[in-house]
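Each in C-alpha cells, the structures are laid out below.
In the two assemblies presented below, chain A is common to both, partnered first by chain B and then by chain C.
Now for the complex of A and B:
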C-alpha cells in the first residue's frame, strides 16, 4: 500500500488500520496529506469507528450522504473522523444501493451522530436501521414523503399544503407534572425553535427540543450556484459566523483546486476570524449578564461590541465582515491607516474588557446565578460530541486552530482554555479567556503581516474532486465538505455548524435546574438556529 | 367626622397622576445609571394612553374572571391609596379602615391578579401566578409586622393616627425598631413591585417572569388598568415608607394651602429619594435565583420581627 500521500502523523494510524482490517478496504484515496478516504462497505463501519475511537481517540465529527447515483450508481455515506492528536481526518465512504436504500445507525454507540443520521434519513430517504429514535428531524412531520437532497428533486418544486399528523412529543407523566411549551415564536429578535419543558413545580424533568423551523435548503442551493457565488451563500448560513462559514467554504474549494491563499490573505483571514470571535464573545458575556438581570454589564459589553463592529466596517466595509471572504484570498487589503485603527482597537479593548470582566466578577449576585447553573458533565459532553465553547467548559480542548491549523494559525501558538466544571460560569470564563487570547493573536498577526498579493485566481475547479474545508469559528468547529461538478459547480456541499452538534447537550444541561434558569443556560451555549437548520 | 369629598377627589387625582410618573422616573434614572438615554419620565402616560385606545385580544379560554381582575386590581390599589395620608392627615378614607384594611385590599388585588394570570390557561401566566403566591406568602407577613411595629408605638392601627403620633415630640426618628421595620418594608417594596433582585420588570424572558408573566395575556384597556394599578400600588407602598417612617413635612387637613404646598414638596422629595434607592438596588444587583428569593423575604420577615421585639425592649 502506497502511503506517500499521507502525512507522517497519520501514517501509523493508517498502517494500524491496514493490519486490523486487512484487505477489507476497497480503496484508499489520499487527496491531501491530512485527509484520507477509505472506501469500505457498510458492515465495516461500526467496527472501524469503534476501533478508531477507542485506540486512536478519534471523534466522529460529521456524518452525511451524497447522491452519487449519476456517475457511481449509488448513494454514498461519509463518516468523517477527526484525529486531533494526529492532525488529520479519516473519512469512510460507504456505498448504499438505490435498490435497498438503508443504512445501519451508529447512534447507539455514538450518540453524537443522532441528529445527523436522522437528517440523512429525511433528506435522502435512506432508511435508518436500529436507530433508537428514527423519527423525523430535519424535515418536520408535516412534510410529504419527499427527499429534497436527492438529485431528482427539483429545486423549484412546490409542495402541496400539508395534511396529516403533526409531531407528537413524548409524554411525561406523574403527579404534579405538567408541560410548558415555549416557542417556536419567541419574544425578542431570535429565531424560531420549540422547547417543551416537562416540569414538576419549577425543576425541569425533561426538555424536548424541536428545531429546523427555518430550514432553507442551503445545502441544495449550493448545488445550483456557480462556485464563486457559493461564498456569498455560505456567509448567510449563520449571520453571526458569516466570515467563519465563508472561509470554511473557501478552504474547501481551495483544497479541491490544490491551491492555497497567499500569505497576506491567510493572515487577514485569521484576523477577521478573531474579530468575529471578539464581537460575539463580548456580546455573549453581556447577554449572559442580561439574562440574570445585571443589565449594567450588558450595556458596557454592547458598547465594546459596537466599537468592534465599527472597526469591522472600517476594515472590510461591513460591520459583520460580510463581503470580505473570497476564493483564493480576501477581497480588501488594509492600508497603514486601517492597521492603525485595528491596533487602536486592540489597545482600547484590553483595559475596557478587563474592567467589564471585573464588573462581572465583583458582582456576587451575578456570580451566584452563574455558579453551578446548567452543568454539562464531561461524560455527557463526550457522548454528545459537544464542541466549541461548551466543550471546552466541560473538559474537551478541541480547537481546530491548534489541531488543524488553517489560515495563518500555523504561525502562532494557541492557548486553549479548558475547564471541567461545565456550568454557565465556566462557559463565561472560556469566553473571557478566549477574548484575551484573540486580542493577543490579532496583535501578533498584525506585527508580522506579510506583504504580497491579496488573492490568487482559483479558476475553474476540476470536476469530481472532494475536500473538507474547516474553520474554528467563535462558537466551535465548522466543516464544509464539497464534491465538485463540471462547469465550476458543486455536486454536493455539506455544511456542519457546531450548533447542530451542541443543541442536544442543552437538554442535558437543563436537567435538575429550575425553569427560570433556562434562559441563562441557553444563552451560555448561544447556539445558532439558522446554522442548525440550514 | 365625615369624609371630605374634596379631599377624596384630590387624593384620587394625586394617586392617579403621580403613580405613572414615579414609574417613569425610576425607568429613566435606571437607564441613566446604565449608560443609556432611557425613555422620558412621562413615557408611561403615553403608554397608558396608547393601551387605552387599543383593541383587546382575549383568549377564547378566558372566563369572566379574566375581565373582572383588572378592575378589582385597579380599584383595590386606589382604595388602599386613599387610606394612606399623602399630603395631610387624616387620610381621606381613614375612617373606613387602618393598616389591616390596607393590607387586605392589597391582598385582594393580588388574589385577582393571580387568578387573572391563571384564567386564560397559558403556561406562563400559571407559572407567574404560582411564583407570585409563593413569594407573597412571605412578603405579606413581613409587611404586616413592619406596620405593627409602628402601630404599637403609636397605639393605633389607623395609619393617620400613626402618622400623627410620629410627628409628636416623643417620636425619635432613629428608633431602632423603626429603622429595622423600615428596612424590612423596603425589601417588601422591592418584592411587591416586582423589582430586581426579586423580579425583573424590564425582561422579555417569559420563563423568568413573575409579575409580568401574569400580565402577558392582557392587552388594550385591561393592560392599561393592570399597569396603572401596579404603579398605584407601588406609590402606595412608597407613601407608606415615606410618611409613616419619615413624617417630615406632613400637614394636617385643617392646614392652609401654604402648608399643603410645603407638604407636597416634602412628599415629592421623599418619593424621589426612595425611587433613587430602588434604582440603585436595581442597577447594582442581578436577579436572585427564584429559590433564593424566599431567603431574602425571610430576612425581611426576621427584620420585621426584630423590629417588633425591639419596640418592647427599648421602651
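Now for the complex of A and C:
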C-alpha cells in the first residue's frame, strides 16, 4: 500500500485501519495529504466509526449523500471524521443501490448525526433503518413526497400548494402541563423558526424545535451555477458568516485544483475572518445583556460593532465583508491608509472592549441572570458533537484554526479558551477571551503582512474531483465539500454550518430553566437559522 | 450604577448629528453602479460575471437589448472590474416605489463581431429611476432624513411609525443592518420610529426575503394581521427580486410575489442610511 500521499501524522491511523480492516474495504484514495477516502460497504461503517472514535478520538463532523447514479450507478454516502490530533480528515464513502434505497442509522451510537441522517432521508429519499426518530427534518410535513437533491429533480420544479398538517409535534401531558408555541415570526428582529415549549408552571419540561423555515434550496442551487458565482452564493448562506462561508467554499475549490492562495491573500483572509469574529462576538455580548435587561451595555456594544462595520466597509467595500472573497485569493488589496484604519480600530477597541466587559462584570444583577443559566453539560455536549463557542464553554476546545490550519493560521499560535461549566456566563466568557485573541491576531497579521500577488488564477477545475474546504468561523467550524462537474460546474456542494450541529443542544440546555430565560440562553448560542436551513 | 453613568458620560453623544453634512461613507464603499450607456460597446463580459443576472443581454435581429436590474444587484462590483463602462459609486440610497423603476433597458445595434455599436434607445428605466428619487433629498444626513420621516409619519398615521420586521427567508445579512438602526449611532427611536413585537401594532412591514415556500403562509398571515393603513417595504436584493436565489422549488422569490409591496430597497444588504431612505419613500407615498 502506497501511503506517500498521506501526511505523516495521519499515516499511523491509516496503517492501523488497513491492518484492522484488511481486505474488507474496496479502495483507499488519497487526493490530499490530510484528506483520505476509504471506499467501504455499509456494514463496515459502524465498526470503522467506533474504532476511529475510540482509539483515535475521531469526531464524525458531517454525514451527507451524493446522487452519483450518473457515472457510478449508485448513491454515495459520505461519513467525514475529523482527527484533531492528527490534523486530518478520514472519509468513508459508501455506495447505496438505487434498487434498495436505504441505509442504516448511526444516530443510536452517535447522536451528533441525528439531524444530518434525517436530512439525507428527506433530500435523497434514502430510507433510514433503525433511526430512533425517523420523522421529517429538512422538509416540513406538508411537503409532497419529493427528493430535491436527486439529480432527476429539477431545481425549478413548481410544487403544488402544500396541504395537510404542517408539523406533528410530540404530545407532552400531565397535570398542569401546557404548551407555549413561539414563531416562526418572532418578536425581535431575528430569523424565523418554531419553538414549542412544554411547561409546568415556569420551568420548561421539553422543547421541540422546528426549523428549515428559510430553506432556500442552496445546496441544489450550487449545482446550477458556474463555480465563480458559487462564491457569491456562499456569502449568502449565513449573512453573519459571509466571509467565513465564502472562504470555506474557495478553500474547497482551490483544493480540487491543487492550488493555494498566495501568502498575502492568506493573511488578508485571516484578518477578515477575525474582523467577522469581532463584530459578531461584540454584538452577541451586547445582545446577551439586552436579554437580561441591561440595555446600556448593549448600546455600548452596538456602538463598537458599528465602528467595526465601518472599518469592514473601508477595507472591503462592504460592511459585511461581502465581495472580498474570490477563488485563488482575495479581490482587494489594502493601502497604507487602510492599514492605518485597521490599526486604529485595534488600538481603539482594546480599552473600549475592556471597559465594556468591566461594565458587565460589575453588574451583579446581570451576572445573577447569567450564572448557572442554560447549562449544557460536557457529556451532553460530547454526545451531540457540539462545536464552536458552545463547545468551548462545555469542555471541548475544537478549533480548526489550530487543528486544521487554513488561511494564514499556520503562522500564529492560537490560544483556545475552554471552560467546563457550560452556562450562559461561560459562553459569554469564551466570546470575551476570543475577542482579546482576535485583536492580538489581527495585530500580528498586520505587522507580518507579506508582499506579493493577491490572487492566482484557478482556471477551469477538472471534473469529478472531490475536496473538503473548511474554516473556523466565529460561530464554529464550517465545512464545504464539493464534487466537480464538467464545464467549471459542481455536481454537488455540501454545506455544513456549525448551527446545524448545535441546535439540538439548545433543547438540552433549556431544560429546567424558566421560559423567560429562553431568549438569553438562545442568544448565548446564537445559531444561524439560514445556515442550518440553507 | 455610578460606573454605568460615568461610562455613558465619558462616551458622550455618538449619534450621527450633522444636519448639513453628508452621511458617513468610505471612499472604498461600493454603492449603486453607474453605467456609461452611450460608451458601452459590449455588455457580454459584464453579464457573464454577474452572479445574479442583474446585467443581461438579449440579441435579436441585429439589435441587442441590455438590461440592468438594480433590484437584483448585490453590489459586488465584479462587472466594474471587467468593464470600463461601469463604475461603482458610493451612493447607497436607491429605493424606489415601483419595481420597474429599478430596471434600466437600452437597445444597441449589433456588430458582426458580437460587440454593439450604437445606442438606439434608452436607457429608459434609468431616467425614470432618477425621477423617482429626485423629489427626495440625496446624500442627505441621517438626521434630516429621520426628521422628515417623523413629520410625514405624523401626517399619515397621526403618531409615530411602528415597524414590524419579518424575515421571510433572508440569509440574516439584512437583519444585521436593520438591527443597526436601533444602535446609538443611528438611533431611529429619536424620530419616533419603533420596532414592535407584533404585526397588530405595526404600521409598516419591513420584509426581507427571498420568500421561502415555508414562510409564504406566515408572511401572508402577518400581512393580514397588520391593521390598515399599512405599508410594506421589501428589503435587499433577495426581498426585491429573489436575488441570487431567484425562484426555485423552495423559494417564491421576491416579496411582491406574495404580498403587495410599496417600496423596494435594493442592496446586499442595504446599509442603515439606505433603509431610512426607503422608509421615508414609503411614507411619502402614503401622504
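Simple rule for what comes next: the second predicted complex is superposed on the first by the 533 of 534 C-alpha atoms of A that agree within 3 Å, B and C clash if a C-alpha of one lies under 4 Å from a C-alpha of the other, contacts with A are read in each partner's own complex, and residues count from 1 in each chain.
Here is the rule we use: contacts are C-beta pairs under 8 Å (C-beta built on N, C-alpha and C of every residue); 3 or more make two chains touch, one makes a residue touch a chain.
From a predicted model like this one, the values you see are computed outputs, not experimental measurements.
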item: Which of chain B and chain C A:517 touches, first, second, both or neither; value: first
item: Which superposed partner A:221 touches (first chain B, second chain C, both, neither); value: second
item: Chain B versus chain C as contact partner of A:179, first or second or both or neither; value: first
item: Which of chain B and chain C A:187 touches, first, second, both or neither; value: both
item: Contacts of A:247 with chain B and chain C, given as first, second, both or neither; value: neither
item: Which superposed partner A:198 touches (first chain B, second chain C, both, neither); value: neither
item: Chain B versus chain C as contact partner of A:366, first or second or both or neither; value: first
item: Touched chain A residues, chain B compared with chain C; value: C
item: Partner chain(s) touched by A:295 [first = chain B, second = chain C, both, neither]; value: first
item: First (chain B), second (chain C), both or neither touched by A:162; value: second
item: Footprint overlap on chain A, comparing chain B with chain C; value: 187-188, 296, 299-300, 303, 363
item: Complex contacts: residues of chain C adjacent to chain A; value: 3-4, 7-8, 11, 14, 24, 26, 28-30, 49, 51-52, 74-78, 81, 88, 165-180, 182-186, 195, 197-199, 210, 212-215, 218, 222, 238, 243-245, 247-251, 268-269, 271
item: In the complex, chain A residues that touch chain C; value: 140, 146, 148, 153-159, 162, 184-185, 187-192, 212-218, 220-221, 225, 228-229, 231-233, 236-240, 242, 283, 296, 299-300, 302-303, 305-306, 309-310, 313-320, 322-323, 331-332, 338, 355, 358-359, 362-363, 528-530
item: Residue ranges of chain B in contact with chain A within the complex; value: 33-36, 123-124, 127, 196-197, 200, 202-208, 283-292
item: Chain A residues within the chain B interface of the complex; value: 178-182, 187-188, 202, 289, 291-296, 299-300, 303, 363, 365-366, 368-369, 514-519
